[in-house]
Structure formats: C-alpha cells, structure tokens
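Following this line, the structures themselves.
Both complexes below contain chain A, partnered by chain B and then by chain C.
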Partner chain A sequence: MKTQSERLGEIIEVSTTGFTAQCYELYELPPLGSLVKTTEGDIELYAVVYQATTEGLEPGRKPIARGKDEASEEAIFQSSPQLAKLLRSEFSALVVGHKDGDKILQYLPPRPARIHSFVHACMPGEIKAFSQAFGFLNILVNAELETPSDELIAAVLRLMSTMHEDSRAFLVGTGKELAALLGQDYAKLKAVLERIKP
Partner chain B sequence: MLDLSRVAGQIEEMVGQLKAGGQERQEHLARALTLMVDRTLDFEKLKRKAAQSKTTFLVAGLVELLATHTQSIDTPTDFSIIATDGSQIDVDRHQSARCYLINIGRIRLDYGQNPRAMLESLPKLCANDNDLVISNGTKEQVVEGALLNIKRSVDECKHLAEMAAELLISQPSLAVIDGSLILWGLASKEYPDFVVEELLDKGFIKCLDDMLKLAKDRPFALASYISFPRSTDVVNALRLALCPHDLADCDKYCGEINIGKRPCDAVAGVQDRDLFANLLADGERSALFTSQSKIVKENYGKHWVNFFYMKLEDEIARVEIPEWVAQDAAKLGLTHALMLDQCRRGQGYPAALAEAHEQAVVTGAVRQNFQQLVEILMTDEHMLQATSAKSRSKKTRWV
Partner chain C sequence: MNDDARLGMVVAGSLSEGVAVRLDAKASVEDVVVGRYVTIRGKSRRFLGMITDVKLDSSDQRMTFSPPDPSDTFSAEVLSGTSAYGLLTVTPYLVIGGDAKTVVEGPQPVKTIPSHFSPVGLSSDADIELVFGKEDDKHFYIGNPLDMETKLCLDLPEFVKRSNGIFGKSGTGKTFLTRILLIGMLQKSACVNLVFDMHSEYGWSGTTETKGHEVKGLKQLFSSQVAIFALDEETARRRKVSVDFIVKIGFDEIEPKDLVLLKETLNLSDIAVEASYRLYQHFHKDWVTDILKLSDEDSENLTKELNIPSMSLDNLRRGLSQIKRQGFMTERVDQKAVDQILGYLQRGTNVVLEFGRYTEITSYILVANLLTRRIYDRYRERTETALADGTAHPTPLVITIEEAHKFLNPEVSSQTIFGTIAREMRKYNCTLLVIDQRPSGIDTEVMSQLGTKITCLLDNERDIDSVLAGISGKNELKGVLAKLAAKQQALIFGHAVPMPVAFSPREYGSKESYKGFASHERSQKDVVQDIEELWR
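Right after this comes the complex of A and B.
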C-alpha cells in the first residue's frame, strides 16, 4: 500500500464550495465520489470528486475522429504523439469539510483553496478518519451539481465503506442519516439505497 | 465600417470575369501540358536556354526531365520531425514604449517505437537598441514591419537549427520550415548591404550552415513547405520552349510587343500547380528544379534552393530544399517520404507545421492583452504614458 498520497492535479478554478483541477497526465482521473484533499495555509480541505471531463486544451480546437484506418485506440496516439499534449483531463470536487489542527470539521472552511494548489488523493486512513462522522452527507444532499446527487452520494458511500472493517455497519449508519435528511424525498432516498446495497 | 451590401455587386462582377477567363486558361494549360510530355523537346538545349536567357520573369533551372514523376519510398520505422513557426507583435508607433515581440512555436514529434511529442512556444520581447535597429556603426535600419517579418523568419531558422542539434544521431529526421527557403522579403526591397549581411549571411545562412554540418554524418534533411503555391517558375521554363530565339532576351526581342501577344504567352496564366495536378499521381513528386532568383544566386552558395512539387489528396504543394539535400539521393528520398507522411497525418498539411503554428499564433485578443500589460506595468512604475490621440480614439469609440 502506498504510504504517500498521490498528487492528482492542480487547481485551475476555485470557489467557496468547490474547485476544478487539471490532471498532470491525460485520463489520470480520480474516481467519481473519491475523497481528495488540498491545503489553504494551515488548513487541509477535503472534497469529493463529482465531475470529470476530457477535452481539447484550447476552446477553439475540437478533437476530430482519427482512427478510421488505425488498428487500435493506442495506435491513434502513436501516429499522432502530439495528441496527448493537446487534450486535458479535469475533475471538479465539492468541498465537504476541512481539518484544522487535529480536528476534522464537516462543514465549509473559512477560505477557499488557491489557484495552482496541488490536489492529492486521500489515504485509506484519512478516508476512514473523515467518515467517522456523517455531517458531510448534508452538504452532498444539498449541493446542486451537474451530477445527480443520488449517484454521487452512492458513489461516495461505496468507496468509503471499503475503508471500514465493518462496511455493512457503516452503510447502515449512513443509510439512517440519509433517511433523516431525505425524509421528504423518498424517491431519492430509494435511489441512493439501491445503489449502495452490498 | 465596410458596407458589405455595396461590395456584393462588385464580387459578382469579379466572379463573372474569372469565369470568362477560365476558357482561355484551359487552352493555355493544355498547351503547357503538351510541352511537359513532349519527347521531341531537346531537354539539354532547353536547360541551357533556361540557364542563360535574359528574361523578365523568373525561370526554373532544370535538373531532371520535365515529365519525371517519382513515387515516395517507404517511411522508416522510427523517425523524428522538427518544425518551427513564428508570429510577432509589431512596434506600435502610437504607444510610448518602443518594443516588439516575436513568439516562436517549436515542435518535435518522434514516431515509431517510442512516440513522443514536444510542443512549446517561446516568446521574446525586444526593446534593446540592438534589437530595434540593425546598424553597421554609421548607418542604421529600423526593425519593424516587413523587416521584422524577415527577422522572425531568421529566428524561426535559428530555433530549428538549435533543435536539430538535439536530435538522435542515428534517427532519420526532417527539419521543416513554413513557407519558402528563399527570404523573398529581403529580395523585394532595396535593403542596404549591411542589413542583408546581418539577416541573411550571419543569420539565415549561418543556421543552414549549422544544419549542413549536422547532416554530413547522419540521415538528416531540411525542407520548407509551401501550401497552395502560386509560383510559375516551371511554366516560365515552358515559355522558353515556345520562344523562337536561340537565347531569350525579353526586353530586346519582345520589349515593344504587348503582353498577351508574345509567342510565349500561349502558356500565360497557367501556374506550376496546374501542371502538376495533371501530371502527378497521389503522393508522387515532380522533377527537381532549381531557383534562379537573384537572392539565391548571390547569397545561398552551397544551400542553393532546389524544389519539387508533390501531389496530395487535395492540393499540390511545393517543397524547397537546399542543394545538399537535392544532390543526396537518400536525403531527397527521405524528405519526400517524411513530408508526404506528415501531410497524411495532418489532414493534408504537415502535422508538425500545423502544431508549430498553433504554438506561435498571437490572436487579436492576446495582442490587446499584451499592450494592456505593457501599459499597466509602466503605470505601476509611475512612468509617463504618452499614447497617441489616434490610438485612444480607436479604443474609446463614441457617437
């Protein structure tokens, strides 16, 4: 197991509630729902990945189909080695908490991250520590994002549950918390629960 | 502002004229094509005539038989392409800071077992006296406008030579320049000798010298690529075939005859690319020719510019090469194969050049941002900003 957390990318857009980061390598994106972190001064910010895109580096240059006469997708990149440098992968993450000193706080930090801050993947220990409390679920439930919130919440919980020895107990606990939060929206609650069934 | 509705009528008229001229041009083209494949034509005689005549038009020097058409060899498994392109922000005489900017796009593409790409753009702001004028001590020439264009071409070549030095010795490689190897800008105006010496002899030619040195012991070639060429050097050689005199002397024999009535006008209006669109099959190159322009004769020495045309799916391209590539069959074959391969990879235009352009390009918006940045930084330092009223009037438009 890795002892150092992997550097995933660098922040290129930021706001109080989230940020967008560019990956250093094409397609090396963190999975949907994974917990990532960045720093602002002494504070460590935690966020979950809710969106990923890959597109042309420049807005005016759209990728075109190139593989008609190529045997494999890999061959396309071999015939045009510049492609990997002309495309970029980005991911957006929603801030779900922060760490001030030793304390993990599941609400928004006082200041957003900064442009060009590095984004790292969280280590299993960090994910486990962060998911001891369920306050972050409230942020996820109330966020208005391009990705449907039931999909995102389910993805977050599936990943987090694998970090707990008793993943079932973790899912039951979060399920109860969600039931309280989504009491008015039975359809959404059902959608999330169906997606986290062991 | 331009009123397009007023131009529309004039465009229609222009299209009409072009259509009317089409019939005559077809007849001239047919005549020119007959000459290109005429086996009774004495090639050696025409070659001498092309070399020795005094013409008012630029005639290609002949090297290979006119109807030559050569297929490309296979591309090597591993090879590299390097290319540069540049653009500039010219001196703005309405601004108080005198400066210009040259942005060079540099591309290296490695193909084969270890494909790799290097794309970068290197901007250079020039505001020193050394950059702003070319001087010989007693006289100076201001670098702006057309001269800046030439300086940029020289810079493109310098960067190319630099990149060439970093190539793998054993790897077949081609360095590609955008446009012509001939610095036409220097030829078209009467620049003082010290300007020509600085930009051509100590600049462009010196870079070609550096690349020639590298090319001596490795499979490396240099070529420039001209898309949609408008040149008529080869058609002008056909004019000599039609000329009834042993050696042509346009001013002497035809100086009094109206243009259009001279014997050689039977191929007037035809361009070289029209000929080769008909003579070449896809991917083939034409015969080799040499440039007989004055600037090449006087300054290029061992880099004497040769050229051939190449047929691509949608167009005829002109590829210019220095003499040392033209006379080395392996380098010539490599140039043809790699240039063709680049065009096929780049949807009809060399991929490396297209990327070099993308790296070099300075858009209108960036130009404005650059001027603003200069102004902001100068104001920050409390330097008096004297800008012209004309410039302010363009920025702040009122009714």
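Right after this comes the complex of A and C.
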C-alpha cells in the first residue's frame, strides 16, 4: 500500500463548486468517482472525479488519424513521439467537502482552490475517514453535471465501499441516505441501487 | 423507553383521527399488531395509546409500479424503512405526568396529541400497571393485554356499579370470560350474584369446547359462597350436582306482566296479552288455574262479560297451558323460590339457577323475568326504606342473563324488568351482566346504558356497530375488534377501564388456574385460623 499520496496533476481551472486539473502524463487519469484532494491555505479540499477528457493542446486543432500504415496503436506513438506532448489529459472534480484542522466537513469550503495547486489521490485511510458521514451525498445528488448523477454516485459508492471492512453495511447505510434524498425520484434511486448492488 | 421497545416516531396526526407513527427501519411491521399499547414520549408528558391501524406506505408512488426484483435483497433492505415504510395509526387515550393534577390523580384522558417527532415505543409493564392498577383487594386479574406479560386488572367495585355486557359470536369464549368475571365479583366486589344459568355451565362443572374436558364450576371452587338452585331436579341429580334448592313455580305466581315477554315465543296476540290483565282483575291470584279450568260455556259467558274476543281468550289459554306443561310448574308451592333466593342473597351467598333440561327460551324467559321482577321489587323497597331510615343499603346485586336480546330487544325492553334495571342502573343497588351473541338485537337505549362492555370476536357489521355505538374512536376500535382471534381474545372498554384494551383472558380450567383463583379465599381462611389459634 502506498504511504505517500500520488500526485495526479495540477489545477488549471477552478470555481467554488469544482475544479479541472491537467494530468502530468497523458492518460494518467484517476478513475471516475475517485476521491481526490487539494489544498487552499490550511484547508484541505476533497473532491470526486466526475469527468475526464483527452484532447489536443490547441483548442482549434483536432487530432488527425495517423495509424493507417502502422501495425499497432503503440506504433503510432513510437513513430511520432511528439504526440504525447501535443495531447493532454484533464479531469474535472466536484468539491464535496473539506478538512479544517482535524474536522472533516461535508459541505463546500469558504474559498475555492487556486490555479496550479497540486491535486493528489486520497489514501485509503482518508477515504474511509471521509465516508464515515454521508453528507456528501446531498452535493452529488444535487449537482448538475455532464455525467449522469446516478452513474457518478454509483461509481463513488462502489469505490468507497472497498475501503470498508463491511462493504455491504456501508452500501446499505448510504443507500438508505440516498433513499431519503431521492424520496421523490424512485427511478433514479433504483438506478443507483442497481449499480451499487454488492 | 429502551431501544428494543422503540418503534418509530410521530410524523402527523390529529386528536380525532389518531396520530400517524412512522416505523423505524429496524422495527418490522409484521411484529406490530393492532390492539397493542404504545407509549409516546412527548416533550413534557407521556401519552398512552393503542395501535388501531397498520399501513404500508412509500414516498414515491412509482415504487408500487416497479418494485425491486424479488431476488434483490440489497434494494429491499435499503428501501424498507426509508422509501417504503410502515405507518401506524395510534389512538392516544391517556396522558401521564405533565401537571400536578395527573401526578395526584393518575393518568388523565387526552385532550391533545404529542408533538412532531416524539419517539414511540411499546408500553412497558409499568405503564400498563399504572393505568389499570395492581392486583389487590379491589383489582381483579382478568387477563393479559395482547402480547404482554403484564396482568390486566379490573376495578371490580367500580365495574359492578353499572350494568355491563359480554358479547361475542358463539364459541368465542363468552362463557369462560363470564366464569372469570363471576369469580372476580365473588371475591372482590362486595356484591352478590344471581346467575340465570341457561345451559348449566356456571354453577357446577361445564366442559370446554375444544378438548371436551370438564372444568369446575363456581360451587366446586367456592362452595361456601355459592348456592345452586335447580329447576330440573332429575338432570341435576344425574350430573351429581349438590343442589341447595329445587325451584318450583306455582301457577298463582304468574302475573299478566310475565306474559308480555313471552308474547313472541308463546305466539300471543297483543289483544290476548291485554285481555290477561282484565282476566287477572277478574279472577285474582288463581287466574291461571281458573282460566284453564273454564268450560266452553263459561268461557263464552266470560268473553261477553269482560268484552274479550273469544279468539283471544283461546289464544291466551293455549299459551297458558303451554306454560302449565313445563315440569317446574306446580299448582301451589310452600316455599317460594323468590324468598329462598333473597334469603341466600341477603346472607351474601351467590345464587346460580340451573335450568337443566329446560333450555328452551320460553322457560328461561318466564323464570328469569318472573324471579327478577319480584327480587327487584324487594330490592327497591329495601333501598327506599334504607334511604328513609338511614340504615344500611342492601348488598349490591348483579343479575346475569344470557340470550339477552330476548329480554332487551326494542319491542319488549321498555316493558320488561331487565330494561328497567339496565336503565335505572344502580339506584336500587341492582345491575345486570348481559351476555349475548347478537348485540344488534338489543335496544340501543339499553346498550348505551351499559357501563363496561367486554366483547370477543364479532363479525357481523351490525353487531360491531351496536357494541361500539357512542364511544370515541369507534372506527379505530372497529378494526381492532374485527381482528381479534376467534378464541380467547377480547376487547374491554367503558366505565370500569380508563381506556379500551384488547386482552387474552386468564386461564381457566387447569389445576394451576384454580389455585390462582382460590388463593384469595384461602388467605382469608388462613387469617381466621391464625386468629383462632392465637386466642386458644
């Protein structure tokens, strides 16, 4: 198990509710729904990854197909080594809480993170500590994102549940919290439950 | 309230329709039954109520259209208690604590409801005991509230102050319940009982319906306090009953008033009954014998003289001869049954009148009505004398009658003595214990005067309505009543209990149960013996 949390990238766009970070290496993206963290002064911000993209460096220029005469996909990068530098991978994360001193607070921090702040993956212990309370679910349920929220919630819970000894009990507990939040939207609730079913 | 007993919390409600309690996810709807008692902890006081309805609800209607897959235990676990939950309707009856009055006077009737989100749990034994009292020299243990260990006790001196009723379909345990209550009254209420025992079940041994084994009667358990009167000597002898008195009724004891009740069973016309009064005036005491002796010629003259249609006289004669044919009727008796019964009652001995083979309704109505009328008159006289002279009132008397709808139906209840007793209640220290399987046949006026009603299962809508008529929370109790088990469960409500309660009557019929009943008597005997030994 890693003791030092892995640095995933650097923030290039930020708002109160979330941020976008660019990865240092192409395709070195954190998985959908994983918990990441960054800092703003003394405060540690927690966010969940909801979107990842890989595109050309220049917004106006679309990548072109290059592999017609190559034997494999890897061969494309071998014959054009500059490609790795012309493309970039980015991910967006939704802020779901912060840590002020020792206290984990599952609501938005007073200030957003700063540009060029480093983004780290959270350690299993941190994920477990963070997921002791279910307040973050409310932020996930109410967020309006490109990713369907049922998919995102299910991904987050699946990942978090692996950090708990009794993952079923954790899923039942979060499921019940979701049932309260989605009382008026049974279809969405059912979709999430089907996706997190142990 | 400990966590085990917690059921849920109050989420809505009104005083008139009861409060809605949302079940906790932990509590299963299947463990909650109507009729059970719950305690609601409000902010400043505790409320005691009864579960009157259980319902499944969901936060989203769509759940009912596309429920989770049956094999999906995870979704079911998540959804139960959250989006799909149990909802109880609790009717609050009493409030405990809060102000000085309730502390001094005990639980009070509710005038408000608990606030939102008050926790609700099953009532503890202590709560029930606080409400119904402990077993002591006034309180008699009649059974246990449904699914509870607590003893449900009835304040018997209070119980016998009003006329009471025991109802239930045939075979639901009315007789057993009556036996238990009779024993209770015999021990703790300072009253005497007169039981018109139509099927000879109370005095000497009767049988249980299911096992067919014998259960002891009152006389066998409390021989010194009970006297058995028998109408039918032969049957009593065959059953080896120790009879104290054989009841015979003289023709001269019958009065026209006794015929009114028999109109239906003897097929008498109104005019024939009317004529009986005129004939009684004419012949006086021996009118029955005289009328039956009339020759054709005499009767023709008589009809002319008294202006009675001859058809009606014939009708009356047919009826009277039917009475005369009863085995317990004789020309004249030396010892009147009424005097004997009154003698026993005055000495504080309870009287059970067994009908033996005379189980047809004519004999029952005739004898019960005839005796009761005279006993009631005597009681009335004695009470009035007592009032005037300031002397002791006669011992309160409870008269037990079966098939009560024959005596108390709307057509005859205003004319019979039983209607009068039910209405005038305890003015003359005389009340009724009415046992019936068709309460809808009883006059509503009489029903409304019954103080405490105990009812076993009833399934006829009209019977249920008539039993519950006029009590608050009728609709809620209806649900409880209709869901009682077919045997050995009953609902008691009214004057003698602070709130309605569904209960299973205590055991009657086993050796242990007899010991339980006898304990009181024995302890008294022991005391007397101890005193005697002390002074020897």
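What to note about this one:
Keep in mind that, in the parts below, the second predicted complex is superposed on the first by the 198 of 198 C-alpha atoms of A that agree within 3 Å, B and C clash if a C-alpha of one lies under 4 Å from a C-alpha of the other, contacts with A are read in each partner's own complex, and residues count from 1 in each chain.
We adopt the following convention: contacts are C-beta pairs under 8 Å (C-beta built on N, C-alpha and C of every residue); 3 or more make two chains touch, one makes a residue touch a chain.
What you see is a predicted model, and the numbers here were worked out from it, not measured in a lab.
On the shared subunit chain A, the superposed partners chain B and chain C are arranged side by side without overlap.
Of the two partner chains, chain B is the only one touched by A:S80; chain C is not.
Once the two complexes are overlaid on the shared chain, A:N142 sits clear of chain B and of chain C alike. Set against each other, chain B and chain C differ in how many residues of chain A they touch, and the higher count belongs to C.
Once the two complexes are laid on top of each other via chain A, the angle at chain A between chain B and chain C, using C-alpha centres, comes to 160°, given in steps of 10. In the superposed model, A:S72 lies in contact with neither chain B nor chain C. Once the two complexes are laid over each other on the shared chain, residue contacts for A:R61 go to chain B alone; chain C is not touched. Between chain B and chain C the least C-alpha distance in the superposed model amounts to 51 Å. Partner chain A is touched in their complex by these residues of chain B: 107, 109-111, 115-117, 119, 345, 347, 351, 355, 358.
Across the complex, chain C meets chain A through its residues 25, 58-60, 62-63, 66, 68, 72, 74-75, 77-79, 81-83.
The touching residues of chain A, when paired with chain C in their complex, are 168, 171-172, 175-176, 178-180, 182-187, 189-190, 193-194, 197-198. Per the touch definition, chain A reaches chain B in the complex via residues 58, 61, 64, 77-86.
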